[in-house]
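Dropping the structures in below, format is structure tokens.
Shared between the two complexes below is subunit A, which pairs with subunit B and subunit C, respectively.
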Partner chain A sequence: MRELELYFGPQHLGMVGNFSITLKVEGDRIVKATSNPGYLHRGFEKLMELRKWIQNFPMVCRINVVEPDSMEMVYSMAVEKLAGIEVPERAHYIRSIYLELARVGSHLFGLWAYANMLGFDTVAQWAMYHRDLILDLFEELTGGRVYHIYIWPGGVRRDFPEGFSDRIVNTLHSIGGCVPDYDAVFFNNRIFCQRAKGIGTVKREEAKEMGATGQVLRATGMKYDIRKVEPYAAYDKVPWEVPTREDGDAYSRIWVVRDEMIESVHMIFKLLDNMPEGETYNRVPNPFKWNIPKGEAYVRCESSRGELGLYLVSNGEDKPYRVHFRTPSYPHGLTVLEKALEDASIADVGNIMISLYVVAPEIDR
Partner chain B sequence: MNSSLKKSLESAFKEVHLNFPEKDRLIINVKKDQAMSILKFLKEKGYEHLALVSCIDWIEEKEFELVYVLSSYLQNDSEYTEKEKANIILKTIVPRDNPRFFTTIPIFQNSEPYEREIHELYGIHFEGHPRQIPLFLERDYKIPPFRKDFDTRQYVKQVFDNIPSVEDRAGEK
Partner chain C sequence: MAKQSLLSPFKAVRYLFKKPKTLRYPFELKDPSVRYRGFHLNDWQECTGCGNCADICPNEAITMVEIPDLEPKPGQKNERPELDYGRCCFCGLCVDICPPGCLRLSRDYFHIHFDTSTFVFFPHDEKTDNEKFLPSDNYSVLKASLSHRRQDNEGFVSDLKYSLFDPERVTMPEVSPEERKLSFIEQVIGYNKEEARREASRCLECKLCEEACPAHLKIHDYVRAIYEDKPEESLKKIFEDNPIPAICGRICMKHCEDACSLSIRGEALAVRWLKRYASDTIKDYKTTLELTPAPSTGKKVAVIGAGPSGLSVTYFLTLKGHKVVVFDALPGGGGMMRIGPPLYRLPLESIDKDVNYIASLGAEFRFNTRVGKDIEFEDLMKDYHAVYLGIGTTVSLSTRVKNAEKCILALDFLAENKIGKGSRVGREIIVIGGGNVAMDVAREAIRVQHMQYPGEEVITKTVSLENWDEMPASEEEIEDSKKEGIQFNPAWGPKEVVLDEKGNVKGLQCMKVKSVFNEQGRFAPTFYEENQMFLKGDMIVEAIGQRPDFSFIPEKLIKKLEFTERRKVKVDENGMTSIPNLFAGGDIVNLNLDAVTGIADAKTASEGMEKFL
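Entry: the complex of A and B
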């Protein structure tokens, strides 16, 4: 049969985000797929070398549009490590609660994209509405809905307002009350099952070879989660489980996402119960005269997509010398996706890409 | 992890500089021609997750520093040991006037896009890389843009100052 070259994205109904894939197809089977990133390359890492340590926050959170909060966290962690700043106990708890809220919000956004792509418009609208309820909480806490810049070196910007914990619990209860509806309409739906089972399968050994992390790896039965491997914030203070599945296909990945949301909500409840009183912020030096000692740090945390790392180098000045983010979508979008698309059908390109949770701005940076 | 790995590394390779900045971090400084065999050795020891390949431009020392961040995967969270929690950072130096290195794709498949990115942004050539074509950029720059001698502000001024502003054009009519 004749081989054709087909461009999928950046302007395409099945494409979420500024990303494109060049497909070589035979009939409707894909022979070879090539990822083309770069539509959102803003050169943030270079620009950060020209700005002071604190001035970089507005760029840091814009690297991942969907989940800016773990970006703030990883940058703060690196700066704290280089400068030797301690974080108060209460701030650790607040950071964990805040990051788990962000994880639920990000997964709901991911669920919106996935359900929308499969044609489950009702579920997509629910997920978007429920994400908005979480954004309302963020707005009350930080003043911003999407970009918050709430985590700072030394702690968090402000303490929870009066009665905020109760409002978190209420919001999460009202979202959690809809889990049976989500299950009935989407997760246990036969159409979803048929569209997602056996699609985009990545075996465990392949996933490890290709540097996968996050749901992509956990859907193959590996309990690899940075929150457990190298606990940061308050993740080692409360008991929780790492949800996994065995098959490594799109169906398993979306189920891991669902289980992870529920686990996060339970974790937030436990963290709220155990939260100590006290300070939320240790003062740092004047940001405009702040020179950080010479050194380098590699820190990592678990974003909603997988292992998020930051390699930060200081040469003793008031600006970073080198910033390099290890974003989870980078191996997922450039290595795993090309492999998973081989021999798939054209109709499943969006399905596979969104189930791998690829976010283009994170790749381009 | 520290003592046993240190011993086996020091017995297998000469001229390896190890230092432990923290309990679960190990930094290895090696010569350019040893890097590949040490990466292979570490992979066999179970550090099979290549998290990041990065590059630093030390312009005053006239050298590039390539950085490989390794850690290990594991299956069960109840079995995490000191070895598994460790991050290994392997560093090697490439001279600035002859920026060439070898590709690590035969050892770590996922280093492919990282090396492509470093080739594009720093101009380091990786011998044996099958697809050293641009990843992000659209234009060809004389100096690769992430090098320290590439002046972003001057570039922006040069490019955009030559485009007349809307007000100027309105005045022409």
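Entry: the complex of A and C
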């Protein structure tokens, strides 16, 4: 059969974000896929070298539109490590709660993308609505809906408003009440099951080899989560489980996402119960006269997509010398995706891509 | 995993009968949260024009623009931030850095207009301006969008706990009140390197202080040099405008700290102590500064008075290559600084450090030389190309109440205890006055008492016309005095010094003050004659003010010397008096009556003399 070259994206119904894939197809079977990023290159890492330490903090969140919060977290962690800043206990709890809320919000957004792409419009609408409820919480806490600009070096930017914990609990309960509906209409839906099972399978060894993390790796049965491996914020203060699946296909991945959301909600409840009173911010030096001692740091956290790392070098000046992000979408979108697309059908390209949870802005930065 | 049925997805059908979740905007509104980060609001009354918001903005969305119609308050600028919403990312860093807390974000999040230039504007709170703002009770999105008006509702506001600047100053180590009142030990110990650098790091570099400083020192530069641990650089910057940092670093009236942005909601940057740190750290000015005077011009200048302004004129003109001779009646340099501020505030070594450096540049000092007695003023006018009058206010005023001649005058008391043999004091001293000199006298008196009567009970009290709020002494002086055990009697005026049979002082009869100032704000005290009080005391010091002594100037010249309405010597923009060749500055010219204004006068005069010579 004749081999054709097919350009998929950057504008395509099955795509989220500006990203394209060049496919070599034979009929509707993919022979070879080549990821083609670069549509969204904004040069953040270079820009950060030109801005003072604190001026970078409103910028890092823009690297990942869907879940900006982990970006703030790694940046703060790296700066705190380099400058030797302690974070108050309460701020650790607030950070964890906030990051878990962000995870739920991000997963709901991912669910919207996935359901929408597969044609499950009802579920997509629900997910979008529920994500909005979480954005309302963020708006109340931070003043922003999407870019919260909230975790900064030294702690968090503001304490919880009066009665905020109760509103978190109420919102999460009302979202949690819809889990049976989600299950019935989407996760346990036979149509979805047939579309997703056995699609884009990645074996555990392959996944490890290609640097996959997050639910891509956990869907192959490996319990690997930075929150457990290298606990930060308040993740070691409460008990929780790492959900896994065995099959390594799109179906397993989306179930890991579902279980993770439920685990996150439970974790938030536990964190809220144990949260101490006290300060939430240790003041950092005057931003115009803040030179961080010479040194380098690599920190990592578990974003909703996998391991997010930041390599930060200070030359002893008031600006970073070098910033490099290790974003989870990078291996997922470039190496894992190319592998998973081999021998798949054209109709499943978007399906596989979104199940790998690729967010293009993370690749390009 | 539950059983996968083909029918179960139809559970979703029941949602068809539920109320839609979508808001029908703009008819259904959702109120933004209390902390919402929308468009900016700025209270122009509070805004100082410091420009910190523009400096911190990561996107350069904020430009400081001069508003010509705006009359800035003293120590402030008439610049206001202009926002470009094509750049703004609503991060709110500007809110967290704003020292007065006037810049805030509102809960408004839409702005609709055909003209893109409207996206660049000055945030300005004008709650009454109906052209820009819709009143809250008359608000609807439709009205707001059609009329391009906004709603004045505060969102993300500044919180000192989370501010990007540090409102608290590094505490200056001091000798405790119990210990220091027993001797003349210097009260302020001075920052060490680590403390000085930490304090210097608080500076936001908005430069409001430099405007406020009469001598316009390059404060942000020398503070930054201290932060960077380069005290040599710092001292060089200071010496560009101020040749007496060891003196000013201790007793300056710090107009800079009053203007400091940080002082609006916190404690001002300790500019004075940082200057002191720079001058104390450098042991030898000469090798550090490496200043050499210009080649000799052959011109001769006489300076009368080796006070701050006289010393500064000497320094500036010596560097220009002129031959400067300084005449002073005291045995050393410093003028009023030598006799006024007590040893616990300004030790003599610090004065000599500055004076010796100026002498080492080539200036000639003739101490113990009183003009008018040891040398005639007219001779100076004849022999020198120019003469500078920096004589200061050297005669203490008396209350002139009955028996006032039995009292001691403030300057005599201070001089005696600083450079003289030390005076015999009573066990119960009354100080009349509420200014800084009165505080100096009282605090010095209590020290002398403790040294003369160790372990015995001694009392020092002050009587001032002014009440607590009006008292002209600085707040920290009053606080320190209280800590040392000085008693205060505010709003009482002296009526009569009461004597015993032998003619010794027994106490002071006082009457209650009705008001100190008249309606024009001039000094014109009135009293309740019937409300009197007797204060016991065996020694009374009058510290109610000083005046200059022009008696050395011959009569025909003094007639030509013009004075202002406030009895100050009138000088032109070059610092020259109405008599040619005669320049003047310092306390006889300005109303501030402090060292740094004297330096500012000296700068003007030395530039004027340079032109004249």
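The rule is short, and it goes like this: the second predicted complex is superposed on the first by the 365 of 365 C-alpha atoms of A that agree within 3 Å, B and C clash if a C-alpha of one lies under 4 Å from a C-alpha of the other, contacts with A are read in each partner's own complex, and residues count from 1 in each chain.
We take it that a residue touches a chain if its C-beta (ideal position, glycine included) is under 8 Å from a C-beta of that chain, and two chains touch if they have at least 3 such contacts.
Because the structure is a prediction, the values reported are computed rather than measured.
Enquirer: Putting subunit B and subunit C onto subunit A via the overlay, clash or fit?
Expert: With subunit A aligned, subunit B clears subunit C, so fit.
Enquirer: I'd like to know which partner A:L172 touches here: subunit B for first, subunit C for second, both or neither.
Expert: neither
Enquirer: Looking at the overlay, does A:R51 come into contact with subunit B only (first), subunit C only (second), both, or neither?
Expert: Second partner only.
Enquirer: Using the superposed model, give me the angle at subunit A's CA centre between the CA centres of subunit B and subunit C, as a multiple of 10 °.
Expert: Rounded to the nearest ten degrees, it is 80.
Enquirer: After lining up the shared chain so the two structures overlap, which partner does A:L271 touch, if you call subunit B first and subunit C second: first, second, both or neither?
Expert: Neither subunit B nor subunit C is touched by A:L271.
Enquirer: Please work out whether A:R190 is in contact with subunit B alone, subunit C alone, both, or neither, and reply first, second, both or neither.
Expert: second
Enquirer: So in the superposed three-chain picture, is A:R326 touching just subunit B, just subunit C, both, or none of them (first/second/both/neither)?
Expert: Once the two structures are laid over each other on A, A:R326 reaches subunit B alone.
Enquirer: Applying the document's definition of touch, where does A:T122 land relative to subunit B and subunit C: first, second, both, or neither?
Expert: It touches subunit C, and subunit B stays clear.
Enquirer: Tell me the contact category for A:A91 with respect to subunit B and subunit C: first, second, both or neither.
Expert: neither
Enquirer: Report, in whole Å, the shortest distance between any C-alpha atom of subunit B and any C-alpha atom of subunit C after the two complexes are superposed.
Expert: It comes out at 13 Å between the closest C-alpha atoms.
Enquirer: What residues of subunit C sit close enough to touch subunit A in their complex?
Expert: Spelled out, the residues of subunit C in touch with subunit A are 1-6, 8-9, 11-12, 15, 21, 32-37, 55-56, 58, 89-93, 96-97, 105, 155-156, 159, 161-166, 200-205, 224, 227.
Enquirer: In their shared complex, at which residues does subunit A touch subunit C?
Expert: It is residues 51, 54-59, 122, 129, 136, 139-144, 147, 149, 157-158, 161, 181, 183-186, 188-191, 193, 281, 283-290 of subunit A that touch subunit C.
Enquirer: Help me check something: in the complex, which residues belonging to subunit B touch subunit A?
Expert: 21, 24-25, 48-52, 54, 56-57, 67, 69, 73-77, 80, 84-85, 87, 89, 108-110, 112-114, 134-138, 145-146, 152-153
Enquirer: Which residues, counting only subunit A, touch subunit B once they are in their complex?
Expert: 37-38, 41, 43, 45-47, 50, 208-211, 217, 221-225, 228-230, 242, 295, 298, 300, 307, 309, 311, 313, 321-322, 324, 326, 330-331, 334-335, 364
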